[in-house]
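Here come two complexes built around chain A, the first alongside chain B, the second alongside chain C.
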Partner chain A sequence: MDQVLTIKKSTEAGLIDLLTYLLKNKKVSGVCSLRKTKKQGKFDYALITDPELLHDVVPLHPLMPVNAGKMLSNMIKMEMPVAAVIKPCELRSFIELVKRSQGKLENFLLISYTCGGALPLTATVENKVDTMLPDYGKTVAAGNEFEHIREICKACEYFVPFNADATVSLLGETGADSTCKIFLHSDKAKEILQGFEVEKTEDEFDRTGYDQIRERRKKYKEELFKQIKIQDTGLDGMIDVFGRCIGCHACSRVCPICYCVLCDFESSTYDYDNTIMEQELSRKGGLRLPSDTILYQIGRLSHMSFSCIGCGQCTEVCPSDIPVSVIFRKCGEKVAEIFEYIPGRDVNEQVPVTIFKEEEFEEIGEE
Partner chain B sequence: MTSDFTPKIVSFLCKWCTYSGADLAGTSRMKYPPSILPIRVMCSSRVNPVFLVKSFFHGADGVLIGGCHPGDCHYQSGNYHTRRRFIILSKIFECLGLESERLKLAWISAAEGARFVKVTTEFTQKIKNMGENPAKRKIFI
Partner chain C sequence: MKKIQTKGVKISSNKDYRDSIVDILKKMLQSKSVDAVLVPMRVPAKDSYAWILVKDEKLLTEADPAAPIMPIQGARALSSFSRKGQSMLKIAALMRPCEIRATIELSKLNQVNLENVTLISYDCPGALPMEDYLNDPEKGEKKFNDILKKLDFQNKSIKPVCKICDQFSLLPVSDLHFTLFHDQNNTMFLIANSNRGNLVLKEIGMEASHTVSAWANGIQEIKDKRAAQKKGRFTQIKKMVEGFNSLLATFSDCIGCHNCQSACPICYCRQCYFDSESVTSGTDLTMLKAKKRGSISLPQNRIMFQVGRMSHMSLSCVSCGLCTDACPVSIPVAEIFSYVAHNTQKQFSYSSGENKGEPIPLKTFKLEEVKGIQELVEDAEA
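Up next, the complex of A and B:
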């Protein structure tokens, strides 16, 4: 049974109260959350140990300057307990990193929320966040999708966090202006917040209550996947879409799953030296520069697509407007289906390529 | 057109099983198609999926991975990993609308010279029927 904290404040203010309690009473040593910077309309993630600095945090803002899963993984060697407020997809990416020994769950009190989707990075760059927020809040409270959120967010069916210690109810929460409802799932959360004096009740967090939203988003996902016509157009379609790639590798730099410090594709393995260029030219009479951008994308797909959590950062940073995240989600989902795998669902579920069963796919290779 | 087209099939063969199987086919004076371009690897799991993609985009009409039968891997479990990687890559090819039929994984042991001949002949015929890999003619990939 979950414990429900009800705070008579707006959702964000209530959560900030909770974070302040944690930090002031030394229940945790740090808080990781989104923060307003001094500049109007600009936000970033921050790790805070001084309770005074919590004035500027905006833990529930629908922004993702970076994928926080990646940030939490950077804290792997820190010993201090940290409370982190992150989106469900960021939590899933962190779980995926923990599976790959790139993070430690023990140090964190993971607080997440039912997510209404994140705004694109351009919203911050163009200073539109403050004007969008009131409408965003209303739409999310009504349980609908805000029109300006990321395309991939509109197609996300995993907006209810897996593995969170505490979940803030946000999506479809009509009283978000005046009450803050926080569900504590784990014993760790209940114990840490024992002395936090607010109204406490016992209730089960109702995951099925979101079925309608989930169905709607699934439908949108199918549509989005259909719009990416890549499957029907074959090689020509591939060249159309990935032919725009300038090989900056920004998509892998921001990807929370791509953690390899020495990425195969960053090495000189795939560089074209004079001999290879001459060879290719003698065969084809022409060569695209930079070469092998499609190879890079398919290579990355084969390395990590099954763990793609669909945060959409790759699409956001792509300077050539390639819908990277939709393609990765589409392929990733199909691949993960084979292994009945959902990235970030369970920390004990192993990454498909790292394990095998002797008795599986027995028809393959035998004909 | 198809009759005089000899496909190129880049083949990654495991040293312990399939490559020895190919050797056996040779020493037993069995004939296998000249379309096979064998590359010896220490284990089929040495083959990074990217090798297959690279061969495919650089004009190989087919790509073959040969390994030991499941349970017979010289390194205990290499071929089980190969199997999963191969399935993943085939699925990705399917999702992207590329011809996943041009990729093949076959288990051929060192004693199966005849099976090596059979598999390569059949695969060559299949590729012949499919025609040239369209990627070969795409210059600016």
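Up next, the complex of A and C:
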């Protein structure tokens, strides 16, 4: 059974109260959250230790300058947990990283929320966040789709967090102006917040209560996936979609799953000898330089797509405007289906390609 | 400094400049003067350009000698072919002047082998920003065609960093040079600017006998205009980067993706120092910093990365603008780095990519500098 905290304030103000309690009473060593920067309309993630500085945090802002999962994975060694307020997809990416020994769950009190989707990076660049927020808030409170969120967010069916210690109810929460409702799931959360004196009740967080939104998102996802036709067109289709890739690998750099310090495709494995390239040149009459544009994409698809949590950072940073995240989600979902795997659902569920089952060997034998 | 050549081969009057250039490249392949040519080609989806090393002359019909955009720096393309050493093939690379300058810098850093490479430049009116082109490639094609047709070297659609570029024409390091900026009679010249260039001309049966002083004067006029624009723009940029607070404000949108570095032709390190564990690890230190200041911005070191990259590569920066094209948050990285590069290079009387023999300042020292250090040490001891 979950414990429900009800605070008679707006959702954001209530959550900030909770964070302030945690930091003031030294229940956590720090708070990790989005905050306003000194420059109007600009925001960053910050690790905050001084409770006085919490008045700048905007934990529920629909922004993702970086995927916080990637950020948290850098904090390996800690004596006391940090309270982190992150989006469900960021949390799922952190879980995927934990599975890969790139982060530790016990280092954090993970607070997430039912997410109405994130705005593209351009919203911040063009200073549109402050003007968009009131509309965004109303739309999300009504359980509707805000039109300016990332395309991949409109197609996201995992907007209710998995594995959170606490969930802030935001999506479809009509009373968000005056009431803050936070569900504490884990014993850790209940224990840490024992002395936080607000209205506390027992209730079960209803994960199924969002069916309508989920259906809408699924429908949108199908439409979005339909636009990517690589599966029908083979290599030519790949060349059409990825032909304009400049090989900057920005997609892998911002990807929370791509944790390799040095990507295989940046290693010396792919520095070919002249003789090999000269042979290729003679065979084809022409050679694209630098080579391996498509190989990189297929390689990354095979390395990480089953763990792709669809945060959309890759699309956001692609200088060639390739719809990377839709392609990777579409492909990843198909692969994950085979293994009945949902990335970030359960920390005990191992990454498919890192384990095997005996019966899989039988299948191979039969074939 | 090498004197600009004043003679060239008259190569066309009525043909499209593309056809004229492709004709010459074909001749180079046919005469076996070179074995392959590196040229930009439009990708099959027609929404961008890629570098293709062409051996089969039939493929050259698809070459686009002056592409409207610069998605990948030519120096990087050439480096991917020759970083492991000298190729048996003789290659001619047709590139924008800034790409050739980056190639020269990379050769000094042992990332390009220039043996057997003929560098061919052309008068570059500038490139269109990637973002604008990708929004509507056909519109971009039309726009760039107009620019070339009207010889509009002051067009407002080109990348901001191109508008302040005064090294857009024949370089001291070019072996050959096509004069796209031609006179009213549509006369285009091919200028040989080195022994290698002269040899190629000879091998394709051409001789530089026409004087090109009218062209040279025209180019000088544009250079002067561009230099004036540069001066004006640098005064603005100066305000954006001088002092820590302005630096902080200028880079306030930076998300630390390091894509400027990925796209940069000079940043050749397989692993950037700022992606290494010396910078990224250490929770204890992060906590310590956060506790000391009350809060710390994440991911860390975004400004340090910018300043660090400036100090690592600005001496070789060629102001090609690929960093701005690659920046997902539209920071004018290229102009900022161009401004910084202008000043760091001035310190050493160095100009990136201008001279093959001149070592990168930080890779060399002069005796009197050692003497200076000795004095410093003596001062410190006393």
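We adopt the following convention: the second predicted complex is superposed on the first by the 358 of 367 C-alpha atoms of A that agree within 3 Å, B and C clash if a C-alpha of one lies under 4 Å from a C-alpha of the other, contacts with A are read in each partner's own complex, and residues count from 1 in each chain.
FYI, contacts are C-beta pairs under 8 Å (C-beta built on N, C-alpha and C of every residue); 3 or more make two chains touch, one makes a residue touch a chain.
As the structure is a computational prediction, the values presented were derived from the model and not from experiment.
Aligning the two structures on chain A places chain B and chain C next to each other without any clash.
Once the two complexes are laid over each other on the shared chain, residue contacts for A:317 go to chain C alone; chain B is not touched. Touch criterion not met for A:206: it reaches neither chain B nor chain C.
Look at A:238: by the touch rule set out above, it reaches chain B but stays clear of chain C.
In the overlay built on the shared chain, the residue A:330 is in contact with chain B alone; chain C does not reach it. By the touch criterion defined above, A:246 reaches chain C but does not reach chain B.
Once the two complexes are overlaid on the shared chain, A:77 sits against chain C while remaining clear of chain B. When the shared chain is aligned, chain B and chain C each come close enough to touch A:286.
Greater residue coverage of chain A by touch, when chain B is weighed against chain C, goes to C. Here the smallest spacing between CA atoms of chain B and those of chain C, following superposition, is 7 Å. Overlaid on A, the two complexes show chain B and chain C touching the same residues of chain A, namely 239, 243, 285-288, 291.
Those residues of chain C that touch chain A in the shared complex are 36, 38, 43-45, 47-48, 50-56, 58-59, 71-72, 76-78, 80-89, 130-131, 134, 248-249, 252-253, 255-259, 262-263, 270-271, 275-277, 280-281, 283-284, 286-287, 290-291, 294-299, 325-330.
Every residue of chain A that touches chain C in the complex is listed here, in rising order: 29-30, 32, 35, 37-39, 42, 44-50, 52-53, 65-66, 71, 74-78, 121, 124-125, 236, 239-241, 243-244, 246-250, 253-254, 261-262, 266-268, 271-275, 277-278, 281-282, 285-291, 293, 316-321. Taken in their complex, chain B has these residues touching chain A: 48-50, 53-54, 57-59, 67, 70-71, 77, 80-81, 83-89, 91-92, 94-99, 105-107, 134-135, 138-141. Taken together, the chain A residues at the contact with chain B in this complex read 230-235, 237-239, 243, 264, 280, 283-288, 291-292, 294-295, 298-299, 301-303, 305-306, 327, 330-331, 334-335, 338, 352-353, 356-358, 360-362, 364-367.
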